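What follows is a single structure, written as structure tokens, with notes after it.
The letters A, B, C, D, E and F name the chains in turn, as written, and every chain counts its residues from 1.
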Amino acid sequence: MSKVVAFGEIMLRLSTESHLRFSQAKAFGASYGGGEFNVCVSLANYGVNAEFVTRLPENEIGASALKEMRKMNVESKNVVFGGERLGIYFLETGAGARGSNVVYDRAHSSMATIEKGTIDWEKVLENATWFHWSGITPAISETAAEACLEAIKAAHKFGITISCDLNYRSKLWQYGKTPSDVMPEMLQYCNVILGDIDTAYFMLGIPKVNPNYQDEKSLPVLYTKLFDMIPNLKTVATTLRYSVSASHQRIGGILFDGKSVYHAAIKEVNPVVDRVGSGDAFMGGLIYGLQEYQNNNQKALDFAVAACCLKHTIAGDYNLVTLKEVENMLDGNASGLVSR
Amino acid sequence: MSKVVAFGEIMLRLSTESHLRFSQAKAFGASYGGGEFNVCVSLANYGVNAEFVTRLPENEIGASALKEMRKMNVESKNVVFGGERLGIYFLETGAGARGSNVVYDRAHSSMATIEKGTIDWEKVLENATWFHWSGITPAISETAAEACLEAIKAAHKFGITISCDLNYRSKLWQYGKTPSDVMPEMLQYCNVILGDIDTAYFMLGIPKVNPNYQDEKSLPVLYTKLFDMIPNLKTVATTLRYSVSASHQRIGGILFDGKSVYHAAIKEVNPVVDRVGSGDAFMGGLIYGLQEYQNNNQKALDFAVAACCLKHTIAGDYNLVTLKEVENMLDGNASGLVSR
Amino acid sequence: MSKVVAFGEIMLRLSTESHLRFSQAKAFGASYGGGEFNVCVSLANYGVNAEFVTRLPENEIGASALKEMRKMNVESKNVVFGGERLGIYFLETGAGARGSNVVYDRAHSSMATIEKGTIDWEKVLENATWFHWSGITPAISETAAEACLEAIKAAHKFGITISCDLNYRSKLWQYGKTPSDVMPEMLQYCNVILGDIDTAYFMLGIPKVNPNYQDEKSLPVLYTKLFDMIPNLKTVATTLRYSVSASHQRIGGILFDGKSVYHAAIKEVNPVVDRVGSGDAFMGGLIYGLQEYQNNNQKALDFAVAACCLKHTIAGDYNLVTLKEVENMLDGNASGLVSR
Amino acid sequence: MSKVVAFGEIMLRLSTESHLRFSQAKAFGASYGGGEFNVCVSLANYGVNAEFVTRLPENEIGASALKEMRKMNVESKNVVFGGERLGIYFLETGAGARGSNVVYDRAHSSMATIEKGTIDWEKVLENATWFHWSGITPAISETAAEACLEAIKAAHKFGITISCDLNYRSKLWQYGKTPSDVMPEMLQYCNVILGDIDTAYFMLGIPKVNPNYQDEKSLPVLYTKLFDMIPNLKTVATTLRYSVSASHQRIGGILFDGKSVYHAAIKEVNPVVDRVGSGDAFMGGLIYGLQEYQNNNQKALDFAVAACCLKHTIAGDYNLVTLKEVENMLDGNASGLVSR
Amino acid sequence: MSKVVAFGEIMLRLSTESHLRFSQAKAFGASYGGGEFNVCVSLANYGVNAEFVTRLPENEIGASALKEMRKMNVESKNVVFGGERLGIYFLETGAGARGSNVVYDRAHSSMATIEKGTIDWEKVLENATWFHWSGITPAISETAAEACLEAIKAAHKFGITISCDLNYRSKLWQYGKTPSDVMPEMLQYCNVILGDIDTAYFMLGIPKVNPNYQDEKSLPVLYTKLFDMIPNLKTVATTLRYSVSASHQRIGGILFDGKSVYHAAIKEVNPVVDRVGSGDAFMGGLIYGLQEYQNNNQKALDFAVAACCLKHTIAGDYNLVTLKEVENMLDGNASGLVSR
Amino acid sequence: MSKVVAFGEIMLRLSTESHLRFSQAKAFGASYGGGEFNVCVSLANYGVNAEFVTRLPENEIGASALKEMRKMNVESKNVVFGGERLGIYFLETGAGARGSNVVYDRAHSSMATIEKGTIDWEKVLENATWFHWSGITPAISETAAEACLEAIKAAHKFGITISCDLNYRSKLWQYGKTPSDVMPEMLQYCNVILGDIDTAYFMLGIPKVNPNYQDEKSLPVLYTKLFDMIPNLKTVATTLRYSVSASHQRIGGILFDGKSVYHAAIKEVNPVVDRVGSGDAFMGGLIYGLQEYQNNNQKALDFAVAACCLKHTIAGDYNLVTLKEVENMLDGNASGLVSR
């Protein structure tokens, strides 16, 4: 039976309600989330054994994050404690032409100050079959990048499948190194990558190409270049997002497995309840799909897109839907009938 | 002056807010509603004398339901008390591709354990001109079915117009009988039926036909079959609902009066605030329309469709709109201008 | 550096949440706003020195309105105190086919009972470069109309630019005079007018013409008539609003400067979070644009339209957006991407 | 069977939550209440047939007040419509040394502008056995005072018991008359008066005496003076309130029936959830007690005090407790055990 | 290391906020709790390995209860699924003289319809050191009583310590048997009992004695009688509760270990935030104390009383305090200083 | 006319509602406060010209803090922008025996990273008559201590009265220096100090003496020692707080002016709505009192104690009461009567 271990940061999310602006809010909704944790929640909801490894401060806010992990049935036994604070992000949910606004307050967090050697990866990964990380961890601090590389190497040593969501955020990467200084080595060991072609190129230090995702001819060539540079690569997937407005998105996806390009049909997402974490929902769906539908990459991709679409209807960071609900949408039932 | 009496169950409705899933909710909105009661509220809002008859538990939750009836100006003097509990339903309001989700917890309710002979129908119906029931009451228990049949027979004896909303719910009918065991006798006395053709056929024990509601030729034939089986039938109406998503519906309607088929133009409903009870809003509008516009079945149908559309903008089970608001929409004003 | 002074009423706004009807509400959201004050907030957000002059009751509700002015960085030093009460308006936010509903309770307010001579306009306008008023003040009472005319004359004497939002509300004007009794004199001094042609004609006492706003030929003629009657007029602008439903609007605008007609492209606004105050957001954008882009009336108009569109995404009366956000939309970025 | 009719004003009550000050509130709790209506609710809760007569504006706020009457099972069939607005009062609930703060905004209300002849008292009082009014109605306007006197005279003509809660509020009485101009004639017809001795003396135009409510000797003399001046008087009762802090009250009561003085033992009320309306709860309890315990004035008084104490634990204007709950406290059970 | 297993029912708790009555509530706070589960939460908070065994319905409400168990770090792996519904209780929190009010709606729950043989107790209790049950389970249905006896016998066979909270509720026991029919056999196996002497006598079928808990002489005699009837009994403890009002309690406790009587000093609890579950907090503290302070029954009792007192300050069913917080109170620090 | 300038940190305060624990909260109340800012709000409420100087991050959270300053009528024109983040503190409000709990997350804030030379004190203090700081600023970082010393020296140079609230917090002072390294120099310039004797001694590096605040003989000696060490000292005041529980405090105060000791009578504070900031309310009251009642130190002290008591009834960090309300309490009116 598969077991997925993810490593990353979980944050306190403070969000305004009913599209209020920050200065209008007398209260912030308080929840907990973060890219790699959100992937774990998706997997736990689909019945996969999922574990999240992170570093939390020893205070009541860290304890509350831990309770959230438990509630969501994500294994937390290898979480370590230390450092000063839980990272925070403030979220103002937009509408129509006004986009959502995120204010990060995650510097100096317990995860940002983690160091290599903190986690006993030999023990953590003992029964794991999959290791997931994202481009956020190497972006928050040099020591976090080192700690992440250590984990990747351990996973590689165990022969575990390794996935990475590139997740480039220009506001991070403030500690003096660029993605192309750090990411190439980390990506070497990856088997599955989620991200668009230009982000991958940028992180690997090669020029951007502004790809045409509808061009069946050029795409295999562009993707193959990644396979050339990353020896262990098996699958690259890209979420296609067309943003009509903050309230209306069109979502599709592409997957390349070294041989073929798979396209998922574009789906309308309208209205958007909460789009934060929809990429993580795609990632969670992809990890599930690649394992569950092993000889059917089209279905794996379609599952990821369906999961991503449903996430837009869920408040909070992670995708609180059941396997049955994603499968139902996969089967074409998206008309939102009342179940009674 | 007309007086409508309805018989059925009123439940405590516990709903999550802002599209939250059940497990995210720290609170449930608490309101009271149920198909036949919702019809009464519509009628009371239109100025019709409406009375609701049901059985409530003698506790604070039953007392709160009673207060709701009073608030909505629905006569409650013939409500009886007894039994263990008020039926409950939990509601999670969907969005986009995620449909709303209803969890019923209505078994063993005071209404489910009502028995024949509990209500003094001779007294209740004395000045009534219309009696309304729905297919939910015979679906919840055998004794409720018997109590409902008793009421229908009394109404028939008094020569009162009888209407029924077929309201088939597959999750009910758990007590060992099927609709076709019970409904044919109950429908015998009906003058007005709301429901689609296949549901009516199914309840009468005849094969479904998957009707084409745009086919002007076949429809009269299919409807006439119902008139053949139900001697007192005067009017059959069907709500046409095209569900684009949980947030976007298209609503129309059809009415057959034994002679002609009337079609109401399809209306866009976007966004949906709350679609639960929109069928009851149609029924309430139809009962009003058939009485108010006696020689104008087209207008009666249009009124029902307009009422149904407006209900989708109202939170809660029943249609909290004024007669003037429905008439305004009937007159084609649906552009949602601010009134000031 | 420019300084804008506006004169008018600020009210307590009591609104239901989540599209609830008045009778469903156990609480009303409480905020403060009013046409001319809303214009000041827009300007303050854009970095313009803005002052609001009004009359407030000496009680805790008046004090709370004053705190709101301060919070929004609108100068309030010339506010006067007196009278009985703060005007109130109740707001029920519609959805889809159900329009929003406003119940005014503003009669007998401190602003309605203001009298000529209450404000020392010589002092107030000393360093001002712009004076703004609207057609609401002369509509609430005869003494308010007189007090407003006094202010207009003082502004004219100082040679300050004067703008007026016509803002015709049929529910007001209850004190025995009609707009055409009062407005012609007040409008004489105006340099900038916001309002549609027929409203302007009506207020000036000339017959309505039901103008075709797409007809490039007739428009200059119709607008020129206003220039003929108002000697100081420099700019007339009109918001074009197409209401698909309470939740979906299409917004454009037209500006005439005595020579040319400028059109702003229609923008889709969907969904609508709150459309009250969107006209004031247009006015605020126009005042800003006319000053900032002095030789570019097209850009001034486009700025006003962009500001107006963004307002529909903001809860509350005034347009809580930054200059950068309006400029961003002006530059064509309306796809609502997350900023992170 | 007894039937009590009360005449007075019902207002919209806008209150801050959790002891917030007005300027901190983003929302006001919205409910409906007023002295004479609150008395009706108490009586309806005890099973007494109670009717409230008032004048409401024809808008959604008036309609909401009407729905509240219905919900509370208070007969409203003789309510009349007209006028401009529903009276409002703002409430900030204090704690400890900070008292609650009320801001009235009730001038110009529909009830304040009622006139003599508006209500058909012959019809209204036809089957009534008791008429209740309070000193608030003659305090709000001259026409309201006249309308109230008209009602009192009609009740007297029918031989109905008449009760009055003196309810002196110094902030009212702004229309040019003093209580001693108006009240003596109105009180002539009263059989039951609630109020302290000095207030009664003041309203009757005789000097205050600062009575000692513990002095068994002087009390009968002081009360007898009222009996001498009011020919129909049968019962005078006074609530004794010792305010330790806004959160801690001590409540007792005194009753004089022309012969004997009855004292109710002081009860501790701590904490206070909401003390507004506790005098009305006393009045409601007294009317009930005087009817139910006809030969036991001690019990009638004790019932009134128990009802008054319980009101302090109820949020909102009126006393939402059952007869059984008051009787339970009357029997000495005040230890607040959980009922399960 | 110790491991405690508890067996019982977890319910959905629906509570009004801010002391509102049921009929005032537009929403109910939703949480999950129940006597035996609450004990598990206390123990998990103190660092004890705690597992809860129950039967849940296979719907979203049951799933939410399961998530709550996980969040609170209570092992749930042996929870079984089946039956119709999760038991519900409605709670209205009182204040002062008005006691809290509980409306049970727990009949026909999944736990009430559990049957003997449903749980594999051999497996569940394999590594357990303590088994806890309460008098509620045999009170809800005959099959639940049988299932509970089965568990007790299995625990006895394994030689595990068995504790019972007598928890007599007169509203239950509706299925035709009395406590004295069922409890004597179940109590035979108990080592630790929480309950007052008269409840224990009543459940064992012997006459009540109305004990004086301050009488050092009679108490050992009365308690010894229980030891005579229950061969395995080691410890009996009783919570002493003096209810000044719903908002003010005085809490003490007594423990008898077959030899000596231990008294805990009375503590003031004022105000009461939520007293539901305070008995369970006592029980949880007692189980912890008896294990942790093995030769110090006084300290074990004091710990239980301190835990019980702290529970009154916590909203919800269970005692969300840390070991350190209880120890701090045990050390005499109850002055509520701010920790910063 | 006096003008008070304060220098310090303003933080985002995130608090749970209704006594919830952190892990129970789905939302945190969001407000803004901090010791020195709270003092400014008190003064502004009393009509004093108050200015607050601090450093804010250039993001939406910093902008919201600025809006709060403006709303409270505190001058903010010399606020500087820079640094990474606004300091945060989490607050869980206790009850009874459970104290409130504060989790600080203020490290690395914009104020903590301020440096000497950032503020142009010559300009800021130009028209000031009073400068206020507290022991928190030198406790958060070495550069903040330096920046504070710079301000103190500038104020001294201008001959302005300087006050300091010692405010010792053991959780701060983490940067390698102790209070006695830093504070003696800073306190040299102070004229008014708020703090207990032992804290003052500790900060000045002399042994604690555990003073008896009731001993009229020893107190002048102990206080005089401070006057001996601080050449400019005129007034020392100490809040006396007896904490019965988190919900019940007893508050008094002592003042020594170099000659006499003044005692304020102890006042009961029960219940406590929010005690955070009550020391700042004392400080604000003291600064006001010393200026307003220049020859009456007893009255100045009594004013400070009354202000402090009232603060306990106000939610949030600062003391939202009017001058009239404090004066009213000063006059002995603390019985919390309703004002209507």
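Going forward, a contact is a pair of C-beta atoms (placed from the backbone, for glycine too) under 8 Å apart; a residue touches a chain by one contact, two chains touch by 3 or more.
It should be emphasised that the depicted structure is a prediction, and the values quoted were computed from it without experimental measurement.
On residue numbers, the E-F interface is repeated by D-F, which shares over half of its contact pairs, out of the options C-D, B-D or D-F. Across D-E and C-F, the chain pair carrying more C-beta contacts is D-E. For the self-contact between chain B and chain D, the two sides draw on mostly identical residue numbers; the shared fraction is above half.
Averaging Cα coordinates per chain places chain A and chain B 45 Å apart. Those residues of chain E in touch with two or more other chains are numbered 17-18, 21, 23, 26, 67, 101, 271.
Looking at the complex, you find that chain A touches chain B at residues 17-18, 267-273, 309-310, 312-316, 320-321, 325, 329, 334-340. Those residues of chain B whose C-beta lies close enough to touch chain A in the complex are 18-21, 23-24, 94-102, 104, 169, 171, 243-248, 271, 275-276. If you check the complex, the residues on chain C that touch chain F are 67-68, 70-73. Those residues of chain D that touch chain C in the complex are listed here as 14, 17, 21-23, 25-31, 59-61, 63-64, 67, 84-85, 88, 90, 92, 101, 103, 105, 107-108.
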